[in-house]
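One chain, subunit A, links the two complexes that follow: it is found with subunit B in the first and with subunit C in the second.
Coming up: the complex of A and B.
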């Protein structure tokens, strides 16, 4: 049995619609017009123990709704979902004791308490035995470098420090499943890297299953072997990064450093356009985007090196943002 | 007892946290001192003009007034600003992430809220009214020293009052799941809580025709019962019955709160998206 099994999960929110203008406002008093918003329209997936899954999608696609249902704080309108055999919203308390949750947008620590007191309170709330608590606490303090922060009230922490403390707080009771909802939002580069290192360690060394939602594609590229993309309340793609890229075209980028500064015209003429999408030249460097389905990377490289003096070259995947933006566009979603 | 541990830990953390607000406590003390003096003067004037025996003697009235001023904060007259903020921001749904009974969790937090600030204000008020006033030569206006039985009965009754007051406050908190704002309940509560508990005028001084109603309503357990046990106006033999009365109301309100919360959680969850 998979650790998480989700079948045909649906969530409909009913929202009152406002009519425009004063007359509309008065009509609304006696005759409320309700509109159904389908946040989730039949979502299916299974997650195995020890997986590290990235869950992405544009704002309003249903990411957070899914996480909240899995965490047991939201009841779906249809479908089934079990986590370790429990239905999160029915067996809420038992379920809550087994999972860790971090919402990047808000802290679950007690605002006025020093970090260590929050931890001790959580120990009692989760009924963690003293010895286990001491082990977990010391490990978290070491891995997340929390030592100097323990006596500081949470409200005085910087965002990066607070996120580290929040992560530790979510793991003190030793959950085997961790939900991270936008854990890197607003963090600076160093803090993001530290966060990713930690999540990787947790997953690889302790075998903790991690479900991560994010808008930061670097998080995904750095961490996740499996990605689920949600749009308009449905799973659009469920697979590896490669599959994601394949679905939206096989674009690669060849970057070439010439020995002599080349010009765009010469380059375009010589390569006669087959399979090319976008060619840009700055100084001695050319950036050639091409369709790997229409022209094999090796063939393109051979053609370039046979005609120009090349100092260095490499092929790269386009940033995954582009891939995902293309996918959203394909499904008519997103703000971009 | 270990089943209660998470909840006692919540009470203790919140309690210690609230003890920090010393300036507010001092301001509260000064205000309550002022109102206490006014109430005493008004009641003294009534007693001077009254004919015939009254249901309470002046010493009992003085005790009633000072205890009321000392323990004013323990009345369920307002809601926790922290909780209000949590409801408006939607953060309240995140309380469901804890492996706790939601009502128990809220009750624990509210118990700390109701008692912590009161402790801070009650101690200086008792010191002032019981020790300083006689030292200034105002012994007849001072909070009398209770009898041993009176004190024991009072401590039991005031504990029951704290439990009752917390249950009522939790009910007010739960109502916010529907109203999404504490404004309304914060305005309605003080007016009938202060009158029906005896905080404005001691309940025995109300007209006779109101007494049957006054003696059965729950707010009586907040002030009237403990303060009259303190002064001996309710004899110690009757104290157990009166305390049982307070606890019975507490249980009823807890039950109703749990019922309401189980319905409210469904709404809470809908808003949580």
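Coming up: the complex of A and C.
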């Protein structure tokens, strides 16, 4: 049995339509027009123990709705979902004791309390035995470098420090499943890297299953072997990064440093042929975007090196942002 | 149960320490409460000074009613800040999610939101009035009387706690706390400061059967005072009446769980 099993999960919200203007607002008081919003329209997936899954999609696609249902704080309209054999929203309290949740935008800690007191209160809330608590606390303090922060009230922490404290707080009871909702939002580069390192360690060394939602594709590339893309309440893609790329055009970029500066016209004429999408030259460097399905990278490289003096070259994947933006565009979603 | 009480104790300890960090604020609030309810009592005294008695009740007797309900309310009020602020602090901000993510009953966590130490002002004032009324009336404090008074206060705390739970429950539908609930809480305290027998029969029915204010004030206090009830109730009924407060609390928790179910199905 998989750790998380989700079948045909559906969620319909009934929302009141807003009318324009003050008069409209008053009319809305007595005569409400309701509209159904299908946040989830039949979602299926399984997640095995020890997986690290990236769950992405544009705003409003159903990411948060799914996470809230999995965490037991939202009841779906239809479908089934079990986590370690429990139905989250029916067994809310038992389920809550077994999972950890971190919302990047919202702290789980007590604003006025020093970090350590929040931890000790959570120990009581989660009924963590003293010895286990001491072990977990010390490990988190070490991994997340919380030592100097323990006596600081939460309201005085920087965002990066607070996120580290929040991560520790979510793991003190030793959950085997962790939901991270945009954990790197607003963090500076160093804090993001530290966060990723920690999540990787947690997943690889402690075998904690992690479900991560994010808008930061670097998080995904750095961490996830598996990606689920949701759009309009359905799972569009469920697979590895390679699969995601394959689905939206197999684009690669060949970057060549020539020994002498060449002109764009010569290069374009010489390389005329199938599979080329975009060629740009700046000084001695050319960026050649091509479709790896139409022309094999090795063949293109052979063609370039046979005609020009090449100093250096390499092939790169386009940034995954582009891939995902293409995918959202394909499904008529997204803000862009 | 023991575990629940231990957790509440922990919450309260943390909350009290947090409040004592702001000492000036605490002292001013507590003093303000003391003076505020003190002035109310002076008004009561002025009334009796002019008219002598109220439908057969002496000033000391009414002072006893006053003291009991004020002590009761002060304690309940201190325990229910989380419910009082539920709309703006938890529903509007979506912070209620945070409570749902934890393996404890949401009502327990809300009770742990704050133990409002500043309510000690009202409590102290109530206790002083109660002490004075006791000596003025020369009440013989036997075990039965003490027990009944404690049961009365306990039932009263349950009742006012239930009112606050209902007030918070409405926030699941309205988001903001409804001022109209103050009619029942603060209005309730004012009402229960006077003996039930002075009110019109329609009010008496409402305060007995719908909002059982008289069951945690008037009826048991009549028994503690050891006087005959002008309304003709018997001692057994008077002694058991505070249980209505506990029943009221139970019903309010049923309403609460309906509200929570609504929240978890709409997500807001």
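The rule is simple: the second predicted complex is superposed on the first by the 326 of 336 C-alpha atoms of A that agree within 3 Å, B and C clash if a C-alpha of one lies under 4 Å from a C-alpha of the other, contacts with A are read in each partner's own complex, and residues count from 1 in each chain.
By our rule, a contact is a pair of C-beta atoms (placed from the backbone, for glycine too) under 8 Å apart; a residue touches a chain by one contact, two chains touch by 3 or more.
It should be emphasised that the depicted structure is a prediction, and the values quoted were computed from it without experimental measurement.
**Q** Mind checking subunit B and subunit C on superposed subunit A, clash or fit?
**A** These partners clash in the superposed model.
**Q** Looking at A:106 after the superposition, I want to know if it touches subunit B, subunit C, both of them or none. Which is it: first, second, both, neither?
**A** In the superposition, A:106 contacts both subunit B and subunit C.
**Q** Contacts for A:13 in the overlay, against subunit B (first) and subunit C (second): which applies, first, second, both or neither?
**A** In the superposition, A:13 contacts both subunit B and subunit C.
**Q** State whether A:92 touches subunit B only (first), subunit C only (second), both chains, or neither.
**A** A:92 sits against subunit B and subunit C alike.
**Q** For A:68, is the partner it touches subunit B (first), subunit C (second), both, or none of the two (neither)?
**A** Both: A:68 reaches subunit B and subunit C.
**Q** With both complexes superposed on chain A, which partner does A:188 reach: first (subunit B), second (subunit C), both or neither?
**A** So A:188 meets neither subunit B nor subunit C here.
**Q** Regarding the shared-chain residue A:125, is it in contact with subunit B (first), subunit C (second), both, or neither?
**A** A:125 contacts both subunit B and subunit C.
**Q** Overlap of the subunit B and subunit C footprints on subunit A, residue-wise?
**A** Common to the two interfaces on subunit A: residues 13-14, 65, 68, 71-75, 89, 92-94, 96-97, 101, 103, 106, 108, 110, 112-113, 117, 121, 124-127.
**Q** Which of the residues in subunit C end up touching subunit A in this complex?
**A** 3, 6-7, 10-11, 14, 18, 21, 94-95, 97-98, 100-105, 109, 261, 264-267
**Q** Of all residues in subunit A, which touch subunit C in the complex?
**A** Interface residues on subunit A, with respect to subunit C: 13-14, 65, 68, 71-75, 89, 92-94, 96-97, 101, 103, 106, 108, 110, 112-113, 117, 121, 124-127.
**Q** So in the complex, which bits of subunit B are touching subunit A?
**A** For this pair, the touching residues of subunit B are 2, 5-6, 8-10, 13, 17, 20, 91, 93-94, 96-101, 266, 269-270, 272-273.
**Q** What residues of subunit A sit close enough to touch subunit B in their complex?
**A** Within the complex, subunit A contacts subunit B at residues 11, 13-14, 39, 64-65, 68, 71-75, 89, 92-94, 96-97, 101, 103, 106, 108, 110, 112-113, 117, 120-121, 124-127.
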